[in-house]
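Each of the next two complexes has subunit A plus one more chain, namely subunit B in the first and subunit C in the second.
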Partner chain A sequence: MTSTTAHTHTLDIINLNIALPRGQRLLRNVSLQLEPGEVRALVGESGAGKSMIGKAVLGILPHKIKMTEGEILLEGAHLNAMTPATRRRTVAKMSALIPQDPLTALNPVRKIGPQITDPLIRIHGWSHQRALARARELLDRVHIRAPDRVMHSYPHELSGGMRQRILIAAAFAPSPRLIVADEPTTALDVTVQKQILRLIRELQRETGTAVLFVTHDMGVVAKISQKVTVLFAGRVIEDAATHTVFENPAHPYTQALIAATPTPNVSARPFQPVPSALIAELHRDTVAADALFAQRGRR
Partner chain B sequence: MADVTTNSPRLILTDTNFRLWLPLLWIGVIAAAALLAPLIAPHDPLAQDLMLERLPPFFMDGSEPGYWLGTDSLGRDVLSRIIYGARIALFVSLIAATTTGIFGSALGLIAGFYGGWADRVISRLVDIWMAFPPVLFAVLLVAVMGTGLGSVIAAIALIDWTRFARVIRAETMVQARMDYVDSARIGGARRAATLVSEILPNVMPSIIALLMLEMGIAVIVEAILSFVNLSISSDDPTWGSMIAEGRGAIHFAWWVLLFPLIALFMTVLSFSTLGEGLKQRFDPVLK
Partner chain C sequence: MLLKTVFVRLLTTAITLFGVAVVVFILVRVAPGNPIAMMLPPGATDQDIATLNAVYGFDKSLAEQFIIWLGGVIQGDFGTSITLRQPVAELVLGRLPATLELSTLALLLAVALGGFVAVIGARKRGTGTEVGLDLTSGAVLSVPDFLWGLIFVLVFGVLWPVLSISGRVDPRIDIDFTTNFYIFEGLLRGRLDVVGSTLSHMLMPAMSLALPLAAMIAQLLKQNLKEALTQDYTTLARVRGFSETAVILREALRNAALPTLALVGVQFTFLIGGTVIVERLFAFEGLGNMAIDAVINRDLPLIQGIVLLFAALFTVINLLVDLSYTFLNPRLRHG
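Take a look at the complex of A and B:
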């Protein structure tokens, strides 16, 4: 787990705790690892803290939300030990984000081109020409016709699917070691979702980039990931290989989550939502755990 | 939406024409008058001639050729005084609005973007400032600083920076929460850099609209201060002092009051309409 181990994880989160100013915890002792080239799905209900993990890694936690405990290592480098400037550059060099909402993730008053090439020039020190060529190459790879025209457009002139493909191109352009994909298909309509998912998977395989894939769709998990982390109320309740989770889920919540996933070929089975009694019980557990944590803190 | 308006057969008064070109035309005329005043004014705006007092405008009986808009009680040419008045009006509004705009917008951007104590200090200052009645404040200020263009400009900036600060703070707060700011930071942009290169372009249309509105307001404030004799010396032709003088003669020489009033009204209206027009024009999302 520490830097003395022979190989380094692409991402190593150790015992991460994140809290609001008044001490309410949003993440509770979260640990997870990503090996180079691995796709790890991060699942859990809305509000579980999935996005918070991604934000903590990328250094974009909202103002008042603070890391209270834990370590984040990117390619073996301790992010917390760095000065803000070094951390910013390290994160920019090694990681990227494919965001949930392709509409708000692009600046509406700036043209597409500079929004892709800015980091390449700023962080990687590329020439303008080289950055442009790279942007063109990636836009081509994500099947955007007339990349040059697109780079001269404003975001509102493009469709949602196109914008998301542009954001995928932008994420892969600097050849990052890690990409956080935060529900990259949720804001898109179903036909486009499949294309986008396929594109991310293809590019991930070609480049060998590790991806932390946030989703609450177990169907997507089965398709894209090798590992799964299940999060509930800011706690990791299951962490295993994807096939293990589907064949033999350890935690009742995970079992319920898989049962709640509609499968197209088993149309006879009725849809079963996650039982509310189970969710209530888990929340009680969380409250108890927090009380324990608070006691420990006081001692 | 944009395509429909540009491809359909054009009416003279489409919305864009109305909001952009009409006010621009009027402001262009006023600006030309201001710049070329010595060349185009038919008479010396200060020259008094008691033989020619209260001449009516050209379309009325008893008008004198060359005195297009008539003369005032001292026989001074109204048109020439309006032309020279445009100089003062535009000069004051330009300087006052840019000063106010830069100062107020900068504070609004800082408060909205950094939040925390910077926001608390600036917002509190705005609240306290706005508790003063503005006209009283202006009059007080000019009384203390003495009359003159400098005091007028300072008065406008000191009163109205809060308008920019409030509006721009609110807009900056909205923009600062947008995902594209996070995207830029993940791409390695410094915090202050995202304020300048990501957020500022988004609030720019509002700044421009406010700037135009402010220019209109500055014209009015200058006129009000002239009206109460607190602007520059009363001999100088300003629209406000002309209106003040014309008021006394309204029953027998209405033109002395009406023409500068029209000039003032049209200019103020043009600035505020132009503000809206420019905002739409330069906002790629609204366009």
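Take a look at the complex of A and C:
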């Protein structure tokens, strides 16, 4: 249908609109691409719709929230055109999620081992031995000592940092083409955050997996990503290479976001919150755009 | 640690049972109706009554009677039934298997039926199917077990007589078992005729007892399943490609079973209480049926024995529920 480019993007979101049942829009004409092996940061304030984009891709939108318009292509395959079961399997085979809160993302009554190997065996069709060997290999890679003992333990026996490393191992285990990481460090201790971030970056480089990295921390954006999408009230207001965004931000909101980020190496610059006048102006734009959209729909 | 828990548990059980023994002993003696008077024909003289009173020890003081009885109980002698003239322990233990098999079957039916409906309800959450199942289980719950019994007798015993409505087993079958566990021993011995006949007799009373509990499990387990299905680990399972049914059965069920189990334990003891009337209704030769006879005949030793056995049964069930709770919850397993 709309394959305008010659090569295949790992992820291609075209004009995505998502709304609540009463028609309130949560995402407005969002388009973004991920190339193979690329890390794209998705930034914006709380409630901007960052997680909603990830959920739309992975097919886990909340019950009443629906895609009203747009296309999502994973490795060139149109997800919307598929039956729910096919879509579920396709997404599972090609992508994975590193969740925000490692304390609630592991099943408290099941052992760690099966929680990693189950999908490999039952969804990816691997043999038991292969899945087990892969789990061991990945746990070792994320610096878990005694992987065999850990695989026999329950989540409550492990620390938050360890659980997040296990979830990272589980995400990378089936060698996905795309990983959605939704604020994977926000729920962790500051000391652990850096290790986790480094781990994701290392593994991403080694495997060449594309990562959609949701965060609201511009410091993290600078460290991990090659591309940035800035979101405000469900709209993309800036989409550029990370270095361009930091050196020469096009949108005043992006400028404000960068200014609002306390950076240790530029200690001279005072911390400035995003100006309220700017936020008010952006909201006015959004409301106006929505009114226009509603009009267009009525005709 | 575990040993200490078990010890405390046993001690409290002993104290509870002693308390039950005292209360029952006093209650059956202050309740109206003289057992001796019921054994004698009308017009018996005071002299005859006094003689019989002395024979059964009712002429002694309440405290004395209790001490004599308790002394016997400690040695395993629960006295002799006044009406049946057999040792109470023998009578009661002879009937226990029937009631145990009946209530176990009822429990299994309730868990299977309630669990199935709960899983379907959770799978179809937010749809008309869920509402329909909710309304149905609400209606089922509002009818008590003995009314279900009457309904079953009417439908499957009278209007469309396909099931046996009285007794525990076909009396024509020759049963030379060592225990009274007809189903259990029948399976071990490969006597499928006994098992089949017992099951067909047990089906209606067991269903009567099971239906209200099944409805309760359906409602509570579904609620707990829906709660578990909003948790992050179930979302992650969906992302990993598992179908909604697989997510429910593999991820949510065990988590939802934990809070449900506590209720099932309590309700199971109510279910056993329900056997008293339901067994009567179906002339099922169990402990409950015997209890009603014992009360009608003012058979004091027998009443005491049955009540004590029921009390012991309840404490054992509570213990089993606690144990299975620990087994299902890894957080409690490694204290």
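As a convention for this text, the second predicted complex is superposed on the first by the 294 of 299 C-alpha atoms of A that agree within 3 Å, B and C clash if a C-alpha of one lies under 4 Å from a C-alpha of the other, contacts with A are read in each partner's own complex, and residues count from 1 in each chain.
In this text, a residue touches a chain if its C-beta (ideal position, glycine included) is under 8 Å from a C-beta of that chain, and two chains touch if they have at least 3 such contacts.
These numbers come from a predicted model, not from an experiment.
With the two structures aligned on subunit A, subunit B clashes with subunit C. Using the contact criterion defined above for the overlaid structures, shared-chain residue A:M162 touches neither subunit B nor subunit C, since it reaches no partner.
Contacts of A:L42 after superposition: neither subunit B nor subunit C is touched.
In the superposition on chain A, A:V236 makes contact with neither subunit B nor subunit C.
When both complexes are aligned on chain A by C-alpha atoms, subunit A residues 58-60, 63, 85, 88-89, 91-93, 95-97, 99, 101, 104-110, 118-119, 122-123, 154, 156 touch subunit B in the first and subunit C in the second. On the side of subunit A, the complex with subunit B involves touching residues 55, 58-60, 63, 85, 88-89, 91-93, 95-97, 99-101, 104-110, 115, 118-119, 122-123, 154, 156. By the touch rule above, subunit B contacts subunit A in their complex via residues 115-116, 178-180, 182-190, 198, 201-202, 204, 283-285. Residue ranges on subunit C touching subunit A, taken from their complex, read 126, 231-233, 235-243, 250-251, 254-255, 258, 328-331, 334.
Note for the complex: subunit A touches subunit C at residues 58-60, 63, 85, 88-89, 91-93, 95-97, 99, 101, 104-110, 118-119, 122-123, 154, 156-157, 167.
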